[in-house]
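In the two complexes below, chain A is the common chain; its partner is chain B in one and chain C in the other.
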Partner chain A sequence: MLRGGVKLSWLPILTVLALLGPVLAGLAGTIAPALGWLPGAGQARLSLDAFHALLDWPGFMDAARLSVVTGIGATVLSLALVTLICAGWAGTPAFRWLEKLLSPLLAVPHAAAAFGIAFLIAPSGWIVRAMSPWLTGWDQPPDLLIVQDPYGFALMAGLVAKEVPFLLLMTLAALGQADAPRSLAVARALGYRRVSGWLKAVFPRVYAQIRLPVYVVLAYSMSVVDVAVILGPNTPPTLSVQITRWMSDPDLAFRLQAAAGALVQLALVLGAMAFWRLGEFAVGWLARRWVRTGHRGAADPLAQGVGLFAAVAAASAIILGLLGLAIWSFAGFWSFPNLLPDGFTMRSWDRHIPGMLAAMWETFVLAAAATSIALVLVIGCLEAEHRYGFRPSNRAVWLLYLPLIVPQIAFLPGLQTLLLVSGADMGRWPVVAAHLVFVLPYVFLSLADPFRAWEPRFGTIGAALGAGPDRVLWRIRLPMLIAPVLTAFAVGFAVSVGQYLPTLLVGGGRVVTLTTEAVALAAGGDRRAIGVYGLAQTLASFLPFAMALLIPALLWRNRMGMRDA
Partner chain B sequence: MKLSTIIAALGLAAMPSLVLADTDPADWPAVTAAAKGQEVFWNAWGGSTTTNDFLAWVGQRVSEEYGVTLTHVKLTDTADAVSRVLAEKAAGQDTGGAIDMIWINGANFAAMKEQDLLFGPFAEQLPNWAVVDVDGKTVQTDFTVPVEGYESPWAMAQVVFIHDTARLADPLPSMNALLEWSKSNPGRFTFPQPPDFLGSTFLKQALIDLTDDASPLQAPATDENYASVTAPLWDFLEELTPTLWRQGRAYPQTGPRQLQLIADGEIDLAISFSPGEASTAIANFQLPETARTFVLDKGTLGNASFVAIPYNSSATEGAMVVANFLLSPEAQARAQDPSILGYGTVLNMDALQDDQQAAFDALDLGVATLTPAQLGTALPEPHPSWMTRIEADWIIRYGVSE
Partner chain C sequence: MRDQGLTLSDIQISKGGQPLLALDTHVPPGEVLTVMGPSGIGKSTLLSMVIGTLPRAFKATGRVLLDGRDITNLRPEARHVGILFQDDLLFPHLSVGDNLAFGLAPGVKDRRARIDAALQEIGLEGFAARDPATLSGGQKARVALMRMLLSEPCALLLDEPFSRLDTERRGQVRRLVFDVAKRRGLPVLMVTHDAEDAKAAQGRVIQLGAA
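After this line comes the complex of A and B, so read on.
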């Protein structure tokens, strides 16, 4: 352990403040108006009126049910799919190919993916066009309620396509620590087929590691707004979408109702998590009985096939959706059932690029600021951990996940109300602080392992040559870790680019980014405009990833030992 | 009404107007002299590329002509600007406010006027008021509320229906004809989901067309007459809704979304509040070239867009100069050009000089745009209280029914 150098012990505390400060302040700012306290709107009397108003809204039960059913449904499906993929294919060439196919899709912003999927599956969408009229006989689209169906199936499909890449990456990281290949080899030696062996011997250990990410998926799917606006129903919408509408109402009195709704949403998420925890016990109990039966897995080939098919379907949905957006952005008139536009034009890009530049700049500034701050805090924390021997406890990991588990819709409205009441002008910097809350955990998760895995003897050699800890950090450790640092930056950047609700609510509608524009345009339904903005948004998240690959390659073009570090 | 709730919430009592115009609007040379060098912050909805471009052009022209610098503050909702003026009044900021001019009409205007948040009267003193079509266009009342010079008109909007003639060849003369057509062609019509502005407009348009006596709509709705006056509307919707696109279980969320649905072949008929929208959309590949527009035989709803000046504007004279420029034949002809904006003019053609008229006559209104004669006289908007109640009722009956 090295001593001396710049004092870093305060950084972890600052990091916790940056993470939890806005969440706790936001929750306080939600609870107070929900109980009737909102001086800005002349309300300063404790009461449960807001909850009565919420319950009186005729769509309340349906909206709440939708949130719960789509959230749990999307999580179960995503987890089942990822498990099947890993169980059926881990360690095979097909698996490495799937991994390469799915990982970049993590960077595709949710909103862009949702637009793309909407165009694929709509009754006038690409899939139906591909089969019409020669197969279906339809020369006009069938009147079927596919997108925005009242059961939320389209919403669930969109969520699953986006959550599978996330859970898969989390599972891959966990697999490394689960001693999977050897366990599976033993199981196979005992005559278990591939899927059954993996489920029985490897899955329990992997699941323990990915439990928190699964809860993140659950909380996110239950309370998502942008995807639900695009793919979810509207008669009524999900609870979080309705809360967002109330929050944007110029009548401040609706904020009380929105705050009450946000607390109900939080309770629903916590309830669903408790339900999920019970489900874990139940599945565990059933699975132990299943293990004891000793079945070697007759249905295995089927399970393997389903897993592969579903993974390819999820990836294709996003990739084809993006391709569809790209074509729309260059399309002239494009009628049903033509598979391609009647003509191509640059008109959409010419029209939208001038207006897009400001949004692009804002997106870039917010993402660069939030990610840089996050990177400094994370490197500071990890270096402090290294220098002073702090070891993050289990509870500290929970802290990291807290902003991802508390639904955004539960604390962002409160944060907005607080800013409004305190008279702080909404603008760029509060939005950066809000983005930081979501960027920080991802930057930490993606940098922590490589940072900790760095060979400390390089540092010892440096110290022996007279370098202090700061010099070791700046001249040896960070340069050697440039690839993971840049990757962490890219992950953080992509997370910031994709933020819809924090930008909209904390920015008070005045901070305009590619994502807020794209979601606003989605309501307008002009697919050419959506195509232009969706592509720009996707490019903005991909660019840092490309740089994270390119810069180390350039820096180390003459360093053999760093080539595949 | 929403805004009145805010006003009540902020504890504001109606106060006598504090307006002390630095310059008499009638003394036009003094107004232009004072306006020179002023910076005008125009708060206007910024959701459309074409309007934004038009406002930028206005800024360029008033800068050349009058030395007024115009800045477009892009709003997502006009009520934001109203809230801001209210907040300034609550904070005692009676001069030097952040907003100098607002694109406004309807409920927002009614609320601001009622609370003495507006500068004026000034509109009828503007030099170009002389060429405004006071008799033919509803420019002196705004959703039944008397304007009294507190806002200046600059564009006319009127309800039209866009149809794809390839699939629905002939215009529909009435709401009952629309219902019959929708019954025999189920799934081919829908409207934006109320409380979207255009969706609510469809409900009002239906009521006006169905009712035998539209006169109660010009006064506030009362508990006594509401049910009986709106009964024809609910009977109509009870029959229409099951025949709508997706059986009325889903609705487009905005007006423009309907255009995409027509282009996709999902619907054949849509409502619009802009007679030129279809022509512009055809030019932008958003509608098939077979799209056309029509109005109902008994006429359709129309209203004017206005600009108003907050009582605490820091550039009152500059704002009046802009309002007057918006009424110039030059600006009006440009706004009516469908390749620019496609908004209806508020001017009286007979009051213009020949060369000015010629500029309007030379406009190619676009293949799908009706001539002013075909549009006919616009029907007046009902009192805002009708819309509020109908919207709330629609949401309970159809908006959360799944």
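After this line comes the complex of A and C, so read on.
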């Protein structure tokens, strides 16, 4: 087929470079110092000293164990809950309600959600307050280490609450391709109860579709920094948090140790993924035996109940947490065990807003820049795919997921080291490039389906009317797809707003956003300040989503044919 | 003049090495050639070859000539071949008037007046600002036809164009399309599996896959 228009075939290559360049460069920049090469610190001799130093750190084993246990634990729990929710409720009105409840929570920044949950479960949090003193007998907060507990339970809870909405959304997309309703109907006609029938007939196909997102959750949960700083233990912290501390140490010698730690963290994640893959085989083998038994599902009502309860609990944890942030930000004096403060005041906002403006602007500039670049690249790639008939292979999908599967802590320190060694400035634009690595995949995943589902005969009609490919793109396709384009922009924006580690490490500590400010407040424990920053961060994430709903509704208020588009 | 009209010269379309259809024919101006046959035989593929959007999976040989001009290797937007599908495919984000404006060539003066006149011609005077989604099936079909005519095509392709309309409208719209084509001297290539369409076209009928 012959196609004119602006040449786009170079855009996919540029996109791959934007995605993988920083990851590969960063990995190289991590490996070199781990092996003793760091000119800035006067080190240029191959050695394993960095690893020795790492192993000599007394917290090493505990930190590594924490990363593995909380990461795998959070992933198992999140996947189990999402599976139970879908098995028990997919296709019911309750499910549509849950979907509506959970989807927006995806946009809540991890740090804000973690703070909210910390406020909820802390000894002076709402849960204890609600039970005091009538049930517990406490008239002041108990001296318990609930948040930042040494086992990482609070960290796991925070991760699960945030990963359940993510996995659920991915599963919803997969359900559409798994012919789920009919398969379930067949199973039920054969006498299977809901949950068992769904697990046996639908889940295997769904899991094959969400495997990569599950690996993303695993890598993320094992190596997350901001959530672990807020909810995770301190002595020792998780390995990733410790690496971040070393990277922020003014003594450059600690960078070697940090690099070695980053490589160990990468190895841990890869090992956990291999372990998970083996687990898939084991579960598959057991499940096939279970299918052969022909059991119709005795424990179904229980499983259904657990699924619903867990979904509501995950959603409530985040929503009540955000409400807690909001109330703290307006709270006057608030004594224990009252459920509400004695009075509300604007004092906290008045105090913090002037200092927050710069961070707000930086957050906005980074997010707008990274997301705009991502959107141009993604639309270019998808249009190139359409014009030149590129068929994205399975490997291309892996490329997209790669930056999400390689832990941030494994390559961002290396990126910082490279910038340092090459004498490049660590300011805003390197941070934009680092954000782009994480924004791009989500923008692509968000826009690809609606873009590809566009009726191609509109393009044929346009061409038959004399419009070239560029005119068809700008005048027909993009206007028709304005709602998904704006949604993809909002998704990318929210991803950028939530980035902690790339901003901190690649910015060299000099790029200050709402998120870096909020996480920095974790150690201080000023709840009113945390409330203000957490809420501001959440609003920054939600604003583009509100616009993505509002703009098409205004634009197409007289276009019935665009309502469900 | 043998040159005028749409010539399909020794066309052969195949998919994965399997021959799909072969055709060698000429459609004079104002006449309708109807191609019939069971679904899956490649009728729509033939149209996509003529219009220039043949999917990559197919291979085509032969030449397409329009008024003596070889358009086989031209880009779709440069061929001046209009097409109507069974769906009206009016752009849902544009008003009725803007849909027509999209068809009108860029250099044309007095665009408002041209569009108003076009609307009058199809009995939809004053509909310019309307949302296309609020039109009836027959009205949409007429707008789609007019949008295509405004782009001044030299040939007209019809891909099961009337099958979505109810019986009453079908006859009406069919007559309008064939009348316009005859009046403007457009060669028409229609694929359909409705024998009524073929009869109303009053032209030659080619049965594909009949052998």
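In this text, the second predicted complex is superposed on the first by the 563 of 565 C-alpha atoms of A that agree within 3 Å, B and C clash if a C-alpha of one lies under 4 Å from a C-alpha of the other, contacts with A are read in each partner's own complex, and residues count from 1 in each chain.
Here is the rule we go by: contacts are C-beta pairs under 8 Å (C-beta built on N, C-alpha and C of every residue); 3 or more make two chains touch, one makes a residue touch a chain.
Remember, predicted model here, so these are calculated numbers, not experimental data.
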item: First, second, both or neither for A:I461, with chain B first and chain C second; value: second
item: First, second, both or neither for A:P133, with chain B first and chain C second; value: neither
item: Touching partner for A:G279 - first (chain B), second (chain C), both, neither; value: neither
item: Larger contact residue set on chain A - chain B or chain C; value: B
item: Touched partner set for A:I476, first chain B, second chain C, both or neither; value: second
item: Touched partner set for A:P236, first chain B, second chain C, both or neither; value: first
item: Chain B versus chain C as contact partner of A:R351, first or second or both or neither; value: first
item: Intersection of the chain A residues that touch chain B with those that touch chain C; value: none
item: Touching residues on chain B, where the partner in the complex is chain A; value: 2-3, 5-6, 8-11, 47, 49, 52, 76-77, 79-80, 82-83, 167, 186-187, 193, 245-247, 249-254, 256-261, 263-266, 284-286, 288-289, 395-396, 398-402
item: Residue ranges of chain C touching chain A (in the complex, touch as defined); value: 48, 51-56, 73-83, 85, 87, 89-93, 102-103, 105, 131-134, 147-148, 151, 153
item: Footprint of chain B on chain A - complex, ascending; value: 41-43, 57-59, 62-63, 122-124, 140-141, 143-145, 148-150, 233-236, 248-253, 331-337, 343, 345, 347, 351-352, 355, 509, 520, 523-528
item: Contact set on chain A toward chain C in their complex; value: 1-4, 389, 455, 457-469, 475-476, 479-480, 482, 556, 558-562, 565
